[in-house]
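To keep things clear, I will list the structure first and then write my remarks on it.
The first chain written gets the first letter, and so on, giving A, B, C and D; residue counts start at 1 in each chain.
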Amino acid sequence: MRVIADICVVPLTGRVSVRKEVARAHAILAETGLETHLHGYGTNIEGEWDEVFAALKRIHTDLHADGVPRLSTTIRLGTRTDKTAGIEAKIAAVHSELK
Amino acid sequence: MRVIADICVVPLTGRVSVRKEVARAHAILAETGLETHLHGYGTNIEGEWDEVFAALKRIHTDLHADGVPRLSTTIRLGTRTDKTAGIEAKIAAVHSELK
Amino acid sequence: MRVIADICVVPLTGRVSVRKEVARAHAILAETGLETHLHGYGTNIEGEWDEVFAALKRIHTDLHADGVPRLSTTIRLGTRTDKTAGIEAKIAAVHSELK
Amino acid sequence: MRVIADICVVPLTGRVSVRKEVARAHAILAETGLETHLHGYGTNIEGEWDEVFAALKRIHTDLHADGVPRLSTTIRLGTRTDKTAGIEAKIAAVHSELK
């Protein structure tokens, strides 16, 4: 099952800046080899369900292992059986509609 | 790793009413035997990471098998290493603070 | 325009515990007089669009005024024109479907 | 109060394809003149609180006026008082940390 997801990790570290932990989370997604795209409030990722969720689990286990005591993550998650449409195709479809 | 999650499944079925599919999604969570709580815009669920995400996967595979062509799900997801605090404890802590 | 919303405020305070700020956010929603329901990962609120969003803005302005330097909030938000269905009716519809 | 938001509108139209409505929602955000960025699961927008939320309200009122009976929107929303950091700066900070 293919999934397009959008993942935003908010670490509660005891510091206001979370740049380091957010970069680590994005790097873990990027290291999967799956297609990822960093934007201003999260990271898009596209791939097989089990691979995407293994990466998400690794974000939580690795950041906790690095000493982050608390993580609050939000995910948007889409699956469909009527066609395969990846991230690029979705964006292209909207741009095409806008013309 | 314990997780508290809040899951909201939006099925795109070709109909405006999604009551049947939302009930099915909630039932799948409830069938896990994990602690669940249905609210007005999703379901709280608390348990071990792998069990919670196995249930989420089953929602997507079962609803697609039932003929739903497209699902858009949102998840809030919290893990922490500094203490164990379940759903009930979180709610109680807020109520206690409000007094 | 009526709206059913689900609001989850994550304050980045420099402390790991956010109980006090979450309670304050919930109290601001409850003080609107609108129907609210606290659950394990947010608060449901139902009312007119402008009232709901005035309350949301007050959460951000009041918590910042109280010294919280950073807030990351997530919202689910539903509007519909085909019928009026409040939080209680939505939950009842799912429970009725589950029987 | 400056806000960085990420908005994802899911229209329930009675059709599975939502490309037209999603493009309309993105166009309304872009017409504000605020900085926007379309990604694979939503649109980033950055601006003054009241302008961002006026645009969001217009998405709901305009799409309902166009005949969409039901909308389910999710928003991530960040405000901070410790510094001003726009979308571009946030992305640059993560890229810089990744090096």
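The rule we apply is simple: a contact is a pair of C-beta atoms (placed from the backbone, for glycine too) under 8 Å apart; a residue touches a chain by one contact, two chains touch by 3 or more.
Just so it is clear, the model here is predicted, and its values are computed rather than measured.
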Between C-D and A-D, more C-beta pairs in contact link A-D
Can you work out the whole-Å distance between the CA centroids of chain B and chain D? 25
Could you please state the distance in Å, as a whole number, between where the Cα atoms of chain A are centred and where those of chain D are centred? 17
How big is the gap, in whole Å, between where the Cα atoms of chain C centre and where those of chain D centre? 19
What residues in chain A touch two or more of the other chains? 16, 69-70, 72, 74, 76, 78, 80, 82
Given which chains touch which, is the overall layout a line, a ring, a star, complete, or other? complete
Per the touch rule above, chain D residues touching chain A in the complex are 4-6, 8, 16, 19-20, 22-23, 26-27, 37-42, 44, 46, 74, 76, 78, 80, 82, 87-88, 90-91, 93-95, 97-98
Could you list, by residue number, the parts of chain C that touch chain A in their complex? 10, 12-16, 18, 69-70, 72, 74
In their shared complex, at which residues does chain B touch chain A? 1, 3, 49, 53, 57, 60-61, 64, 69-82
